[in-house]
Amino acid sequence: MQSDRNQELAAGFVDGAYIRQGADALRSHEKKLTSLLAQRRLPEHGWDDLSIQRLLGDLAQMDSNNFVHNAGAGEREARVASTLVLNRCFYLAHGVGRSGDICAVQPKAAGSSLLVQLTNCLALDMLHVAGVKNASSAIVLPVATGMALLFAMLTLQAAARVPGEPNRKRYVLWPRIDQKSCFKSMVTSGLEPVVIENAADGDELRTDLAALEAKVLELGPANILCVLSTTSCFAPRGYDRVEEIARLCQQYDIGHVINNAYGLQSSKCTHLVNQAFRSGRVDACIQSTDKNFLVPVGGSVICGPNKAFVQEIGKLYPGRASNAPALDLFITMLHLGRAGYKALLDARKALVPYFRDELAKVADAHGERLLVTRHNDISFCISVGRCCGASGDATFLGSMLFSRGVSGTRIVTGRAEAKIAGYAFRGFGAHADAYPGPYLSAACAIGMTKADVDLFVGRLDKTLREFSSHNGVV
Amino acid sequence: MQSDRNQELAAGFVDGAYIRQGADALRSHEKKLTSLLAQRRLPEHGWDDLSIQRLLGDLAQMDSNNFVHNAGAGEREARVASTLVLNRCFYLAHGVGRSGDICAVQPKAAGSSLLVQLTNCLALDMLHVAGVKNASSAIVLPVATGMALLFAMLTLQAAARVPGEPNRKRYVLWPRIDQKSCFKSMVTSGLEPVVIENAADGDELRTDLAALEAKVLELGPANILCVLSTTSCFAPRGYDRVEEIARLCQQYDIGHVINNAYGLQSSKCTHLVNQAFRSGRVDACIQSTDKNFLVPVGGSVICGPNKAFVQEIGKLYPGRASNAPALDLFITMLHLGRAGYKALLDARKALVPYFRDELAKVADAHGERLLVTRHNDISFCISVGRCCGASGDATFLGSMLFSRGVSGTRIVTGRAEAKIAGYAFRGFGAHADAYPGPYLSAACAIGMTKADVDLFVGRLDKTLREFSSHNGVV
Amino acid sequence: MQSDRNQELAAGFVDGAYIRQGADALRSHEKKLTSLLAQRRLPEHGWDDLSIQRLLGDLAQMDSNNFVHNAGAGEREARVASTLVLNRCFYLAHGVGRSGDICAVQPKAAGSSLLVQLTNCLALDMLHVAGVKNASSAIVLPVATGMALLFAMLTLQAAARVPGEPNRKRYVLWPRIDQKSCFKSMVTSGLEPVVIENAADGDELRTDLAALEAKVLELGPANILCVLSTTSCFAPRGYDRVEEIARLCQQYDIGHVINNAYGLQSSKCTHLVNQAFRSGRVDACIQSTDKNFLVPVGGSVICGPNKAFVQEIGKLYPGRASNAPALDLFITMLHLGRAGYKALLDARKALVPYFRDELAKVADAHGERLLVTRHNDISFCISVGRCCGASGDATFLGSMLFSRGVSGTRIVTGRAEAKIAGYAFRGFGAHADAYPGPYLSAACAIGMTKADVDLFVGRLDKTLREFSSHNGVV
Amino acid sequence: MQSDRNQELAAGFVDGAYIRQGADALRSHEKKLTSLLAQRRLPEHGWDDLSIQRLLGDLAQMDSNNFVHNAGAGEREARVASTLVLNRCFYLAHGVGRSGDICAVQPKAAGSSLLVQLTNCLALDMLHVAGVKNASSAIVLPVATGMALLFAMLTLQAAARVPGEPNRKRYVLWPRIDQKSCFKSMVTSGLEPVVIENAADGDELRTDLAALEAKVLELGPANILCVLSTTSCFAPRGYDRVEEIARLCQQYDIGHVINNAYGLQSSKCTHLVNQAFRSGRVDACIQSTDKNFLVPVGGSVICGPNKAFVQEIGKLYPGRASNAPALDLFITMLHLGRAGYKALLDARKALVPYFRDELAKVADAHGERLLVTRHNDISFCISVGRCCGASGDATFLGSMLFSRGVSGTRIVTGRAEAKIAGYAFRGFGAHADAYPGPYLSAACAIGMTKADVDLFVGRLDKTLREFSSHNGVV
């Protein structure tokens, strides 16, 4: 109903004045799209669902599988057997990328290709809104954080490969963060992780910069592919001293990949990353789409200060991939708009003090305490040692919370041993071989509401009481 | 993505050649719409669901409730609380019609209004395809057949009202058809039904034209509002002698409303109706949307040879109404296209002999027989008297079929008594006071497949065996 | 996944503890449903969309058209041609009602039938929440207000019909309200409207009780079918003196139908209706579903203090009907819950003073004034005579507002003449033959937000300025 | 509506007999699910969409993000901002896998976890139906073929890693197939591809077994990670001599990965793979989900004769991933059922001779010929040299076909040079350095219909005529 001709014909059915007003609305939709395409940035205000669906419909109709008269004679023509599936992918069935490049344009799928390009532009804008203003390029990868780290390191490796010495740069220096995926990403890449234990600062654990530099010198910068640093993490680990690490990497000419998994929601993390981009060396910084942007699991955004390197990562990806992560993010970004995303960030920031205080109150009520961690404003911990009683074992508290419908908390005994991809860890979960006592961590993450906090602390309180009582603690 | 400007901008993201091909596809969608609006007829081939959804999206965006900057200060602004509801109505929430006229255009809702107008045009074309080529106008009413009959008669009454004698034309002559809605439609209208019993012709029951004419003369044409004749009906009643009735109505200057509920699927019925339009008097002919066009229950199409009268019916409707019947039909007509609808009609016609033969075989196998009914090619009957054994009661067979997952068959004992709106009927269900014996009727209706027939007759066979055995019949 | 057997088998794939937790969630859904079925009232808190969809899925699977092994051999088997249509009706294709009764249960469609019954129960609860606590029964009709009024009057008429004097009770006394549908509903029913002009009380127009009683005596109570009174209406008409009318109807033994179209949102209207139910005669009270419950246009709720009469109305309806209005309402009631509906009512009530004050400010700014109307807290008026300048014509202001995206306001000149169904009206739109001057009315309806008010008054202000300037008024 | 209690309550609204029948239908749905869970195989007949949606609804409700009273305090609670996104993922937002293993069960998401496990079981059954009966295990990876090959090789490498000699097994022997993704998968893995040129056999190109064995001996088996062989490919390359390769790999104790990208649709390919599993060494065989099962791009199925190795690949995957490929496949497998999938396979097989003959006819008509390729029954070629005329350049034919809406054909000049990941190829696209002449390839792939073939060959014919004429060829 976009063409003048059709609007004219429509006026043969319905009063022209009304059709004109309707046509104005259609035009105003086109103008919103013009802004999007011209500015390549988030709309200030989120789009309504009808407008989003209409854009997706336009994009779908631009893909060859939806051409009414397409004659498809390839081995992959995006034929879809199930209507349920066709509807859920909005008729966009060609996936993303081509053999050459995950960001490449597909001749058969102009609409899908445009969606990918736009998604990357808007994602960069999201990063800017969140505070990583020095990011010069971003691509949305159809893989979660662990895989994105793997790709970043493989790309670094490909760039650093010395003919005849395929295995020269094989070490990754890794300030310890007890999370399996990131550790596996190094091993799966065929690299050798070198653990840098954290330094304790009161309750908190932080990057041991001196140990890191010592290790650089010990192994030799020429043999080190990169440092893999981490911002967002479970307390009582604080975010890494990323800026200092970036400077160290610059000084010794070694790579630097930042695992900023859910750090976009914290202005402290984004400030850190932004500074590191400016003042030292960062090759790539990876963030999860689901943990930061409230979409289903499955994607990540990779960005950096150097556009060429970021693009290179996309080019390493072999073959096509699912469009689901990009599509989910595209819809969500249009839905939120700049204002909606800011509002989510602001709401979380405003909720943090309340979350921390309520958590501290519950701890106090049970003779426990909030651990002091000044460099982490997403994850918080309370000690649970007293509630364990004579047994000293906190493990059962985890099951109790699970069965009472509390999800996302972690009980850390500090005594667990784990073997990951052949590497042994003591005190796994605690980011340290021997953390002083058992604790519980919980997160105040984006999308949480005050009601969520109240529900959580109420249930935690009740569970701690039962747990204490079960352990004979009065 | 319709404007040149936006396509140009899109070419800044994706190779221009690909965007151009995508834009061609968008334009080809616009052209399909141009055909629809210009020709006001069914497309030859059905549209794919994506195209239908895009058109509905366009229409929705033309309704004021979806204008991004609408300032609504009325008592009815089509605000919708539930997203599920909003999605299921495709954002078209203004309903159809205005206080004055169910077909009227709504200033606030150009898109919804256009949908209504188009639906009426396409529905007329469906009627033409089905064979009612003499229909000059059609409107889709958001009420089922019974209510549509009521409206047709109220309109006739309003037109015939003699000042000072409000109740003059109060009789409706009604060749008996044992179906409650149509009977109630007369009573609810405040009219007085006059039953014309059917004449037996072998197994079959048909219009007793002589009795009808005699009654006209007895009551006096001036006191008779109309004849309410019926085409599609349960066998062994045949369709009425509609053409002769039309001539009789013309001769005596009395109204004529045809209840063609599910007759569009039978070329015999449509031929009859079409002839009646041409050679006698018919004021309105009513058909069900669900029974003819495979949409959910709820609408009817009212047509006639005289455009003015049909429009008058729409004008009688007080207030707005749900758009659901029109929307369902609009989608379905675009989905089927002329070819798809024809294919459905042809498939049914081709299935009829098979259905009848298979039914006859089952009857034979149980010592029963197919009743001979030459003027009904939708509904067929078999006797079930022998299977009833000494009891003579067929009622239980109905429950047995129901509990074995057979729906739509009717067991007629011929002995039931019923009181409808105060009127007493003997032999209700059999269209006659005393039909010779019990029978079962079943229909070969549009959308039925050969597999459906096989499933049905197989289960009927098994049930008759059990029923006979239960009755001690070997 | 509801049966123990299936959950046990599932534990062969996924840890039993997790499956048990999932099964708890399924059971908790069943419990919510138990509450609904046992209490037959709105849930306190709205259901999430997933839960609503699962219930609809259960209901659909209970309808025969969705039985996997159904053998359908009827003329109406709810076959649906288009997947888009099937999805949008949630596979519930059998409509509502049976030939006998719009509330009747359909053997083929247990799920659809249950939906209808539940909807009626929940709708009654909504009425109670809104304040009509004396309503003893409610049914949701698949027709809008105008048609529901028609049905109420036809039912009254059927009940009152005196053998031999079919046309005895033919008058409807109607305190004038300038809205076409309700007027047409009387004429379409074949009744004779008798207009009772309103009495002016300052700016406001109210029921002229004395004139009403005089007319009763003049025509003779035995010849009067009913009074059709109105609550919600466009200012400066106030709601009718419904309680007094109810007492008068009781005294003279004449029927009483209340048009409470969008009155549920105003506690003043519901209080009035509730009192009338208790202290006088009311046969039926009709409310719109779209105007009160934020669903698409198409349904109405009819209630009354006398259960038997309300049920009788349902029984008059000839044939089946669309389930769309019931389905939309059912979903919306589950979505809102009691708390959600109350919140909507409270929000509107709280917004009214702001709306009125802002409107008054705009009027003042242009030398106009808010009309004083104390018996209408939904619709408000401002004079616009000064802005018309010498021309004195306000009509053009309407077009200006329309083209500036303001919907729902009405410009009343007080001089319009109209002919509706043969009856002539002077001053149509103003509820009076000669209202003193031109005015604009606007409504503060349920679902409106403060932002909507601001947008509206801002645009009104701007338009009045342009209009004044166009008329040479400084 | 599953519990006895609720059905009993429902019978308080609707006749108990009808509710019982509805409840039977609900139970029959549960039984279908029991079969699925107990047999872990495809249902014989596909499920209807309503049943599929209800199962997905059950699974969703078993995930913690949909628990009504969940208290989420983690950094990832599957909160979803956009309703459009939530609907399209059927409320299943937790993705698949855990840090440790892509097939691992997620405690927070019992429903999603069950979906993953079931999907793997059903996918294995699909492989069996297609003919790979010796597959003992299958997992669905949320990455396309290229990435799956990469993971298979990384897993082989991890298993083969010799302490102290991290880079020992670094060669991959690769019978040339001109497709970028598979080549890149080797390079991205950090491995060294060794190209084994194909041997010509008439028009056809096939594995040069002698050259392959010679290279094994030249490089030394101990230095070779694996052979990467290919079944489905663009003609005139035939599928590799996979069985012989498998025996050779067994003999020399080197790995073997089969790229069976779209080979499941050809019984010739599946027979080959199945034999190779039995009679030699195959570590992993990879197939695309979109190319074989008519789902959107994005997943692959990896299978093998050795369950432990296949599981190992899953364990290598670092972190979680999108559930989109698994969900699409799960829905599609339930939709098709065993019968539906077989019907698709049979339809393709039956279409191949027609496709080939029609293609040959077009070739003949233009003085060209169908190339003789006996070991490829998906892709077919015709020469296009004569049509190129004096220019000898076929490139433009590709653009012409593209702009005429023909997708999926490839024009191969045999003269193209390409550099992929640093490696240079002559004659790229032709699987050979110097293929005799230019040709066009086209595929008869699963889902293609006779109408598609007719449309394609008709348009090809027309385009060749125009192309010839453009080149001055009469």
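Labels for the chains are A, B, C and D, by order of writing; each one numbers its residues from 1.
Everything that follows uses one rule, which is that a residue touches a chain if its C-beta (ideal position, glycine included) is under 8 Å from a C-beta of that chain, and two chains touch if they have at least 3 such contacts.
None of the values given here were measured: they were computed from a predicted structure.
Where are there more C-beta contacts: B-D or C-D?
If we tally the C-beta pairs in contact for B-D and C-D, the bigger total goes to C-D.
Among all other chains, pick the one whose mean CA position is farthest from the mean CA position of subunit D.
C
At what distance in angstrom does the C-alpha mean of subunit D lie from that of subunit A?
29
So, what's the distance in Å between the C-alpha centres of subunit D and subunit B?
Measuring from centre to centre gives 48 Å for this pair.
Quick check: how many Å separate the C-alpha centres of subunit C and subunit D?
Here subunit C and subunit D have centroids separated by 56 Å.
Residues of subunit A that touch two or more other chains: which are they?
As it turns out, subunit A has residues touching two or more other chains at 17, 21, 49, 53, 64, 67, 69, 83, 87, 107, 402, 405.
Could you list, by residue number, the parts of subunit C that touch subunit B in their complex?
49, 52-53, 64, 67, 69-85, 87-90, 92-96, 98-100, 107-108, 142-147, 149-150, 154, 157-158, 166-167, 170, 179-182, 184-185, 187-190, 192, 232, 234, 261-262, 288, 290-291, 293-299, 316-325, 328, 331-332, 335-336, 340, 344, 378-379, 402, 405-410, 442-448, 452, 455-456, 459
Taking the touch rule as given, give the residues of subunit D at its contact with subunit C in the complex, in rising order.
Answer in residue numbers: 1-3, 5-6, 9-10, 12-15, 17-19, 21-23, 25-26, 28-30, 32-34, 37-38, 48-51, 53-55, 57-64, 66-69, 83, 91, 105-107, 110-111, 113-114, 117-118.
Quick one: in the complex, what on subunit A touches subunit C?
My answer: residues 17, 21, 83, 87, 402-403, 405.
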